[in-house]
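Before I ask anything, here is the structure I am working with.
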Amino acid sequence: MAIYVDESTKLVVQGLTGREGGFHAFRNRDYGTDLVAGVTPGKGGTEVQGVPIFDTVSEAVEATGANTAMTFVPPPFAADAVLEAAAAEGIRLIVCITEGIPAQDEARVFNYLQQTTRTPLIGPNCPGVISPGKANVGIMPHEITLPGPVGVVSRSGTLTYQAVHELTTRGIGQTTCVGIGGDPVPGTSFVDVLERFQADDETEAIVLIGEIGGNAEEQAAEFIAAEVTKPVVSYIAGVTAPPGKKMGHAGAIISGSSGTAQAKQEALEAVGVTVVTDPTSIGEAVASLS
Amino acid sequence: MDLFEYQGKTLFARMGVPVPQGSVARTPEEARAAAEEIGGRVVVKAQVQVGGRGKAGGIKLADGPDEAAAHAEAILGMDIKGHTVGVLWIEQASDIAAEWYVSFTLDRGAKRHLAMVSAKGGMDIEGVAAEDPDAVVRLHIDPVIGLTEWQARALVYRARLDRPAARAAAATLLKLYRAFVDLDCDLVEVNPLILTGTGEVVALDSKVTLDSNGFFRHKDFEDFREAFTEDPIEKLAREAGLNFIKLDGTVGIIGNGAGLVMSTLDVVSLVGGAAANFLDVGGGAGADTIRNALDVLTKDEAVASVLINIFGGITRCDLVAQGIVEALGSLDLPWPIVVRLDGTNAEEGRAILAANADEKVVPAATMREAAEKAVELAGGA
Amino acid sequence: MDLFEYQGKTLFARMGVPVPQGSVARTPEEARAAAEEIGGRVVVKAQVQVGGRGKAGGIKLADGPDEAAAHAEAILGMDIKGHTVGVLWIEQASDIAAEWYVSFTLDRGAKRHLAMVSAKGGMDIEGVAAEDPDAVVRLHIDPVIGLTEWQARALVYRARLDRPAARAAAATLLKLYRAFVDLDCDLVEVNPLILTGTGEVVALDSKVTLDSNGFFRHKDFEDFREAFTEDPIEKLAREAGLNFIKLDGTVGIIGNGAGLVMSTLDVVSLVGGAAANFLDVGGGAGADTIRNALDVLTKDEAVASVLINIFGGITRCDLVAQGIVEALGSLDLPWPIVVRLDGTNAEEGRAILAANADEKVVPAATMREAAEKAVELAGGA
Amino acid sequence: MAIYVDESTKLVVQGLTGREGGFHAFRNRDYGTDLVAGVTPGKGGTEVQGVPIFDTVSEAVEATGANTAMTFVPPPFAADAVLEAAAAEGIRLIVCITEGIPAQDEARVFNYLQQTTRTPLIGPNCPGVISPGKANVGIMPHEITLPGPVGVVSRSGTLTYQAVHELTTRGIGQTTCVGIGGDPVPGTSFVDVLERFQADDETEAIVLIGEIGGNAEEQAAEFIAAEVTKPVVSYIAGVTAPPGKKMGHAGAIISGSSGTAQAKQEALEAVGVTVVTDPTSIGEAVASLS
């Protein structure tokens, strides 16, 4: 098994005709992901590298049976694209890669989806999801992954790659790697992903990569204490980050003493998580679990 | 982007929130002229993007133009928590009957908007919240329908603001919330929101943080930046689309993704060094981006070595390598560059460097090795 | 409230929806002047609150002012399905490349807004929907967030409107929807919405029904009524706050609550009579309201008897009785009045009538008995 | 038993200090309804005839344990008042009497409540709910009611009274009488009420009063066919109403042939409902059921 994406994933890409969207979508296809459709309003009826393009997501779903949507559209239109994907019957997962969506749009869309649909949204501003050997929906470099028993979840893009790389170079494979993104209002939280990894038979251990700002790691710690029986290894970035400075991710702002890397490390250690202070130690830590 | 008080008030006025009459002044003479035009008693207020200016002597009451000019003379150039005062706001003195605190922000934990209102405004609100938590009323707002009228009223009554002014206070909350949402703010804070002797509700201060991701909806917001005295290196970086923050160490850091860059800072610190900066080239950086990033670091004299840490995903390592090679050819780079490439097209990138780079470029296989080499090349811990 | 075409277009223009230039005319001379000002070819359009005016000859193309005046002469005073034409709209002739149909309304079954769009505009849309249901694309809209951009696009593409104009068409749909919601409309219908030869999207017609419950938000909407030639009795009733509709029979009906009044009409019909009107005094009617209702019925010469059917809830029967007594004293009532009172304070009401009313007032114990007596007093079936 | 309101009802009235609100709320109290609070913004801390007034519904609920809200506030503020009541934890029923709320407000509030709460809203523009002998929340004249085994549900105010009166004068009592109101977007539909009557042990028969316009009666017929085993008697007003004319209730507009009284009567008869053509026959029809 795996979570979110696997062999049954049938992918429709919003913004497939764009440069970035096309580059990554076809990389995903080359990896074996079943890319069935693209959506670009006004380009319906055309096709790109054998993939049919539709004007709307619902037409794409009707014609191709797509069940997973990936959004690459520019920030001014991304919130609307997510709403469109969520409204299309048959779509069971939305992955929004777009970076730079206004926080007000994110907050409105997140709450509206919570109130009106059960379709999970991963992102925005995230690297996507890969289940090694099965499917890749996003921008993660699949070369660094390896099928295996570890679930990886992270708020950071490139840091996720680093963590996966450390695992793979030690021969430790992954069930699924999920980048939830570091924006102020991510559609999917650590807790959502932990719940799925806990329920996934093939996942034997979990790697959680956090960073300063917000309280997502503290919420994860609470959930781990209550619900997670599998071993968890964690790394938190930003130990030396200057307090109060904005570090790229709009989320990464330290407010007072809460949200610091130290506070997060302590919260996770207190519930039995193995916390490492160097991303290169993640592989070692997981290897020493067994 | 943190706005100056007067910029925030400009936005408030645009949204129908009453603010006192005032003018910007950059010299004592401008302060005098502003005071003359306003007439009567005025307040001379330092414009800085940091709190606590009142305690630091950055706000002074003046009886007339002469005193306003004298206060301006004293406040201009003052250093307030590391910010040098270059702009003043001269405004009509207000008749204050009550001082309240109001803010709207996003509660990331609850994923909803959060309103906070207190009858104990005009002072350090964090202190109030710590000592007397009930004095700060909190209410979550569903961003789908926004602040409702009943919520605005509930905030006013629960915070025990002056009852006869309840209707005006609630109306002002609704306008401030509209400003928060419609103007794409991360924060709208008014401390104090005052009740005047004649029963009006007026925003006497403003702390507005704009979400730059929303600027495509507000073409004029970029202009606010003109008033700021920005660090020249940070300005250069921003104009090149790079996310740069100056720090205190000697190892210049370039990486892709905020998490990886933060982590690189941590590892440099772990091996005994200190980063000179945080520089995130973002996702999908091309050769130009890398060249520009290196160019930015040449302006920082504290840099003794540079660490480029790239894990390719949307970013392609071959383009990164190409950017390094281009920079070596076109820029005068005074320091060694430790380069660690992994992920998308990493091998191609390493091959490009091996074939084209000079001895300034030091390859490293892992993040930790890269940090150790860069710290060593910078002259050790 | 159903607006005239030109009134709806005024609202469209206010919301940024393009409409052709035009003027109101009430005489052939005004039509000539309007055509002169507009220049070139114009269309002379009868303004009536009913559909099908084109087929009835109420819309004519004119090459210039003289022809416009001639058409105006012909159309003014014309009867279109019972509506006499008193107002014309003279507008610039449009260069039509395509004609579409668009409407926004509430779908009561789904309890959501409903958008309907068709590429087959400019003709009888009910016919199109009946013959070729797929030609009319329907989409439900959640009133909580309103029409989204993707929905506007989906309507355009699914209805197969001209692809090069898709962006402009979607933008127009969004504006029309904003008009529908922000102006408190029950219906916004544009047939046709046209594409011009130069690629613009223009509302060539308008059918707007305003929700009078929303007038408190739109103080000027009441003014639209001035243009209508209202039946004098209906006008009197409306100004008295009564819900009155003229019917064909001889038994005047006064009741409280639309359901009860409808039911009273049915029972009158069941016992062989026919109602002269529908008159609902609403909830909480006082003595004045009843007096006014009786006054309204005195203006209708067809009335031969009156049936007052009140079931008190929020309405108090004693006040109703008082109103009848007052009317008897102050008005010249030419017919017998059968009164049936039940519910809140019914006994007090009956007692008041027994003590104070003259022989014109005939009490009835039940609704059926009241209907039978009223029909009999009106001269039978 | 009874539905919606009973001896456990603790009533808070929004607009208790208004003329209409006060008149009916105290009539409700006189009937035995447990009126515990009033809400009028700005009048918090005062009291009316022994009933404490609060500035907000949530304060009223906290202080008095109110579980049912009745709204009498004027149309411009009524939608907001309903949202306030729905947001107050502890409120399990909202009855909105107010007439004249804009249809756009009703549509927005209805859908928002559906998406965010399970609290039922009865109305707006309705006479309320009475469970004879137990509680009256609304403006129905309780004098005409009698405790007993018949459930009554109606779109029309005064016509409901008429129907109840016919039952009571024949000695047939009611479990609960529910006026759902005739507005375009009623918070509670015939189907919602039929479901409760069907589940209510004491309700042995149901009277359903409809009128022209909309398709609520047709939806009720479908539900009756599928779920209701108890006998139903129905009366539909508007048989002689002229087509296409607006008859006071914004809802009562005939559109084409659907929504006519005849169509509704036929739909109900087709599923076994006893349809009477004269409101005065409702009592007889119910009496002849047993």
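Labels for the chains are A, B, C and D, by order of writing; each one numbers its residues from 1.
In the analysis below, a residue touches a chain if its C-beta (ideal position, glycine included) is under 8 Å from a C-beta of that chain, and two chains touch if they have at least 3 such contacts.
The structure presented is a predicted model; accordingly, all values stated were derived computationally and were not measured.
K.L.:
Return the chains shared as contacts by subunit A and subunit D, ordered by label.
P.N.:
Per touch definition, common to subunit A and subunit D: B, C.
K.L.:
Please indicate which chain is farthest from subunit D, where distance is taken between mean Cα coordinates of the chains.
P.N.:
Checked the centroid distances; the maximum from subunit D is B.
K.L.:
Centroid from C-alpha atoms only, then distance subunit B to subunit D, rounded to Å. What do you get?
P.N.:
Result: the chain centres lie 54 Å from each other.
K.L.:
Approximately how many whole Å separate the CA-defined centres of subunit A and subunit B?
P.N.:
Distance between chain centres: 27 Å.
K.L.:
Could you tell me which residues belong to subunit A and also touch two or more other chains?
P.N.:
Counting only residues that touch two or more other chains, subunit A contributes 108, 112, 115-116.
K.L.:
Specify, in ascending order, the residues of subunit B that touch 2 or more different other chains.
P.N.:
Residue numbers touching two or more other chains: 142, 144-145.
K.L.:
Using the contact definition from the top, classify how the chains connect: line, ring, star, complete or other.
P.N.:
complete
K.L.:
Using the touch rule from the top, collect the residues of subunit D that touch subunit C in their complex.
P.N.:
Touching subunit C: residues 20, 24, 75-76, 99-104, 107-108, 110-112, 115, 127, 139-141, 143-144, 154-162, 165, 182, 184-185, 209, 211-216, 219, 235, 237-242, 245-252, 277-280 of subunit D.
K.L.:
Show me the residue ranges of subunit A that touch subunit C in the complex, using the header's touch definition.
P.N.:
Subunit A reaches subunit C through residues 41-42, 44, 55-59, 77, 80-81, 83-84, 87, 108, 112, 116.
K.L.:
Under the definition above, what is the set of subunit C residues touching subunit B in their complex?
P.N.:
Subunit C residues touching subunit B: 144-145.
K.L.:
Could you pull out which subunit B residues touch subunit D in their complex?
P.N.:
142, 144-145, 148-151, 153-154, 157-158, 163, 166-167
K.L.:
Would you mind writing out the residues of subunit B in touch with subunit A in their complex?
P.N.:
106, 108-109, 111-113, 142-144, 181, 184, 186, 211, 213-214, 216-217, 243, 245, 247, 255-263, 265-270, 275, 278, 280, 282-284, 310-315, 342-344, 366-368
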